[in-house]
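Scrolling down, you'll hit the structures one after another.
Both complexes below contain chain A, partnered by chain B and then by chain C.
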Partner chain A sequence: MSLVRPFDKLPTLNSAAILLVGTDESQQQQLAEAILKEKKNFKINIHVATSLPLPAERDHIRPRIDLIAFMINMQSKHSLRNVEASLSHMDANFFLGKVCFLITGVGRMNHCSVEMNAVRKLGNLYCSPVLFCELDSEGIRVATAQRLLRMLQICAGHMPGVSALFFSSLMKSSIDE
Partner chain B sequence: MEKRSSLFHGLPFPTTPVLEPPSCCYSGWRENVDPQKIAFLLRKQWTLYSVTPMYKFSYGNLKEYSRLLSAFVAAEKQKGLAVEVGNDLGIKVTLSTLLGLKGTDQDQVAVLVQIASRSQLPFENAENKVVWSGWFCCISGDDLLESVPEDFTCLSLFLANGAESYTAIVGSWFQKTFDCYFSRLTISPLNLAWMAAMWTGCKVDSHMAATELVFSVPCIPQSLDISYAIHSEDAKALWDTVQKTPGEVTQEEVNLFMDCLYSHFHRHFKIHLSATRLVKVSTSIASAHCDGNIKVLD
Partner chain C sequence: MDETVAEYIRRTVLKIPRCQIMEMLTMWEFLSKTQLQTINVHQLKERISQAVVELCEVITSIVNDQIVSNSHNFVFTISGIFSCITGEETDSFNLADFKYKFKRSLRSALKNVTINFREYEDNAIWIRIAWGTQYTKPNQYKATYVVYHSQTPYVFISSLRSSIPLLCQALVHASNYHDIHEMELRSRCIDSLKDIVFKRYSQTFQTYHPRPLQERNVAPEKVDPRIIQENKREKERIQSVNQEIFGEGLQPKIEFAQYKLETMFKGEPEMDILTEKEPFRCVVKFSSPHLLEALKSLAPAGMADAPLSPLLTCIPQKARNYFKIKERKGILSASCLGP
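Entry: the complex of A and B
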C-alpha cells in the first residue's frame, strides 16, 4: 500500500487528475459525471475510491493526483469514520491546498448522525476547505462540479499566478483576527 | 470539550431540543415531585410538539380557560352532527398546574390539560374517564427565558396522549387564544444517541428490560429495520466505563459509547450500523422514537 504523494510524479501536459474518496459509490459516480459534463479546455482524469490507501499494484499507471475531495455524508457516521481513517494515509504535502471536504446530507437535520462540530474540527485540523453541498440535488451537484473544476485547475497549476496555497486564506473567517 | 448535562432545552427554533425524561437520576428533580401526582404520566405514549411562547397566558385564569376550552371542544365535536338542544356530550376539560416538573427555578410551572368524558349511559353512574391528556412544560430553558419579553409565557414543550382529533382541537384553541404555534417535534439520531447514553446510565430499581436500539437502513427499496437488543446490565457496565464524571455527559462519551456498540455489532454481523440511521431507543427507563413519541416507564 502506498502513500499518495502530490509531487512524486511528473505532470502530464494540459491534464489534471482528481480523486474522490467516500463510502457512497453512487454519489461519487453522479458527481464524476457532473464534472465530466462541464466545459473545460484540459483533459481530466477522475479517480474514485472508497478509502485510502490506494492499491499499490496500479501505482505506476496512475497519474499525479492534483486534488483529493473527501465526501462525507452527515447522515452516516460510517462515512466520517472512513474519511478519518483515510486521512492518516496521506502525505502531509497534500494539505497545502490540495485537499477539500465535501459534506452532503445536511439538509435533513433530523436525519443527521454526525455533529456539525466534528466536521468543522476536521476542516480546521487539516487546514482544508469544507464545502457543504447537497449532492442529491441536480443544481447543487452541477455547481459543486464547477467549483471542483476551478479548484482542480488551480491545484494542477493551470492558472498562472494562482497557487493552491491560496485556498487557506479563503477559509479564514472575518471574525478571527 | 463540549459539555451538555441534564438538558431539557425546550427551544422551539432554530436549535433542536435535547430531551430527558422527567424522572431521571439528577437529584435536583426529586425535591418537589410528588410521585403520586405524576404517576399518571408514566407508561403512556406521548407525542411531542414544540410550542412558541404564549401571549398573555395567566396561571390565575386556569378555571376560566377550562370553561372556554370545554365549550370549544364540545362545539367542535358537535360540528356537523344534528344534536338536540340541551344534550350534553359530557365533555369536561380541566386545566391544572403540575408542580415539580421544573429544571430550574426560572422555569414556568407545567400545565396539565385533561379531557374527561362522562359515560353516555344513563343508569351508569360512572365517573369522568380521562380520554385525552396533554401537558405543557419548560425545563432548563434558561437561555430562552432570558430573551422572552414581558407578556409571554414560555412553555415550549407539549406532550399529548390520546386521540389525534382532540389534540388538533386543543392545539387550535391554544393557537387562537394565545397566538402561539404548535409544531411536531422530531428527534434526530444525534439526540436519540444522547438519550440512549443518558438513560443507560440511570439506576433502575425495578426490573430491567433489555435496552433496544432500532436502526433504519437507508438507500434500499424496501424499508429495513435492524433491531439491536442489549442486556441492560451490560449496557450500563459499558456506560460506566465510558463516563468520566457522574452527572455529566459529554459528546465524546456518547460517541464512544455508540461506537463500542457499533463495533461489537460489526464484529458479529459484519454490518456497519454507523451507516444506518438510529430511529428508536428504548431502555427500562423510557423509550423514544424519531417521529417524536416518547414513553416514560420509571
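Entry: the complex of A and C
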C-alpha cells in the first residue's frame, strides 16, 4: 500500500489526473462521465477509488495525481468515516490546495445523519475547500464538473501565474477578518 | 340467503381491485360461465358487487373458504409444532380425522365459531376460523387463517389474536403432536415463510478455500478508458463475500427485523448515570419492502462494510426475525438468545 505523493512523479505533457475517493460508486461514475463530457484542451485521467491507500500494484502505471476530491454523502455516516480514515494515508503536501471535499445529500435535511459541523470542521482542519453539490440533479452535476475541471487545470499547473495555493482564498469568509 | 352472507360477499367483492375481479370470480367457481358473462366489469364497483350478490341469491350453498385466495393481505406468523410425535400418530395422515378432531376440540370450548377447510395440491390445508363469543355470532370479517402442511411440523397462522391458545390446543389435539410453540418469524408473504422454514431458498455453504469468481455471462460494459477503477480487487472481494453469505438466488421476502436490546450502555465514564446499573433497553427495527435483498445490496452499494454483521445475515438460517439480545457474560458483545 503506497502513500500518494503530489510531487514524486514527473508530470506528463498537457495532461492531468484527478482522483475521486468515496463509497458511492454510481455517483462517482456519473461525476466522472460529466467531467469527461466537458470541453477541455488537455488530456484527462480520472481515477476512482473507494478509499486510500491505493493498491500498490498499480503504482508504477499511475500518473501523478493533481487533485483529490473526497466525496461525502451526508446521509451516510459510513462515507464520512471512510473519508476520515483515508485522510490519514495522505502526504501532507497534498493539503496545499490539491484536496477538496464534495458533499452530497444536503438537500434532504431530515435524512442527514452527518452533522454540518462535522463537515465544516473537516474542511477547516485540512485547510481545503468544501463544495456542496447535489449530484443527482443534472445541472448541478455539470456545474460541479466544470468547477472541478477548472481547479484541476490550476492544480496541474496549466495556468501560468496561478497556483493551487490560491485556493485557500476560497475558504476565507468575509466575517472573520 | 342469509343477510350476513350477502353482506359479506358484497364487501369482499368491493375489496378486490377492479382488474382482478373477473379472475377472482372465476376462481371461486360458484358462478357459472354464463352468469359471469352477465357481469359488466366497467361499471361502478358497488354495482358489480350488487350484481354478484344477486347472482348468488340463486345458489343455496355458499362456501366461505373460496375466499382464501385473497391471502396476500395478511401477515402470517409461524408456530412450530414442537417436539416429537407420540405413539398414537399413525403413519398415514388422515384428513377426515384431523378435521373432525379439530372441529370438535374448538367447538367444545367455544360454541360460536365458523370453521372451513380447504385442501390444496401441495398438501396444504387451509383452515378459516371466524371467532364469536358466547353471545355474538362469529365475526366473518376478522377471520383467522391457518395453513397446515400435513407432512411437516409447521403451522402458519395469520393475525394473532387472543383466541390463539384455544387454536393451538385444537391443533395439537387434532394432529396428535405433543406441544406447540411460536417461532419468532413473521412476514406478509407466506411463500417466503414456507421457503425459509422448509429450507427451499438457495443456501450457502462455508468455503475454506476461496475460489476465484466464476465467469458470468455479462456483456462487457462500455467504460471510458480514461476512467480508471483503482479498487477492482476490493470490489471483487466484496462480491465474493456477499455471494458466500447470501447465495446466488433470490432471497425470501421479509418486511421487518426487530432487535430488542437489553445490553449495558457503554458510554463515557463521565456519564455514570447510565453505566453499570441496569441494562439499556432499546428496540431497533429494520423495515423494507424486501429486507433481505436490501441487506444483500448494502455492501456492493458502498453503504456498509462486507461482511455484514452476523445478526443480520442469520435471519433465514435461524428462521427468525424477532431477536432479543442480551449481554454475554464476561465478553462485551451481544449474543442472540431465544425469547
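Rule of thumb we're sticking to: the second predicted complex is superposed on the first by the 177 of 177 C-alpha atoms of A that agree within 3 Å, B and C clash if a C-alpha of one lies under 4 Å from a C-alpha of the other, contacts with A are read in each partner's own complex, and residues count from 1 in each chain.
Just so we're on the same page, a residue touches a chain if its C-beta (ideal position, glycine included) is under 8 Å from a C-beta of that chain, and two chains touch if they have at least 3 such contacts.
Computed from a predicted structure; not experimentally measured.
Novice: Based on the shared chain A superposition, would you classify chain B and chain C as clashing or fitting together?
Specialist: clash
Novice: Is A:V130 in contact with chain B, with chain C, with both, or with neither (first, second, both, neither)?
Specialist: neither
Novice: According to the contact criterion defined above, which of chain B and chain C contacts more residues of chain A?
Specialist: Comparing touch counts on chain A for chain B and chain C gives C.
Novice: Considering only touches as defined above, state whether A:M109 meets chain B (first), chain C (second), both or neither.
Specialist: In the superposition, A:M109 touches chain B alone.
Novice: Considering only the touch criterion stated at the top, classify A:T50 as touching first (chain B), second (chain C), both, or neither.
Specialist: A:T50 contacts chain C only, not chain B.
Novice: Taking the superposition as given, does A:N117 touch the first partner, chain B, the second, chain C, both, or neither?
Specialist: first
Novice: If you stack the two complexes on chain A, which partner ends up touching A:T23: first (chain B), second (chain C), both, or neither?
Specialist: both
Novice: For A:S76, select first, second, both or neither according to whether it touches chain B, chain C, the two together, or no partner.
Specialist: After superposing on A, A:S76 lies in contact with both chain B and chain C.
Novice: Of the partners chain B and chain C, which touch A:A143 in the superposed model: first, second, both, neither?
Specialist: neither
Novice: What residues on chain A does chain C touch that chain B touches too?
Specialist: 23, 76, 78-79
Novice: Under the touch definition given earlier, write down the residues of chain A that touch chain B in their complex.
Specialist: For chain A paired with chain B, touching residues are 23, 75-79, 81, 109-115, 117.
Novice: Tell me, which parts of chain A touch chain C in their complex?
Specialist: For chain A paired with chain C, touching residues are 19, 22-26, 29, 32-33, 36, 43-51, 54-55, 58, 76, 78-79.
Novice: What does chain B use to touch chain A in their complex?
Specialist: 2, 16, 186-190, 193, 218, 251, 258, 262, 272, 274-278, 290
Novice: Going by the contact rule at the top, pick out the chain C residues touching chain A in the complex.
Specialist: Spelled out, the residues of chain C in touch with chain A are 224, 226-231, 233-235, 301-305.
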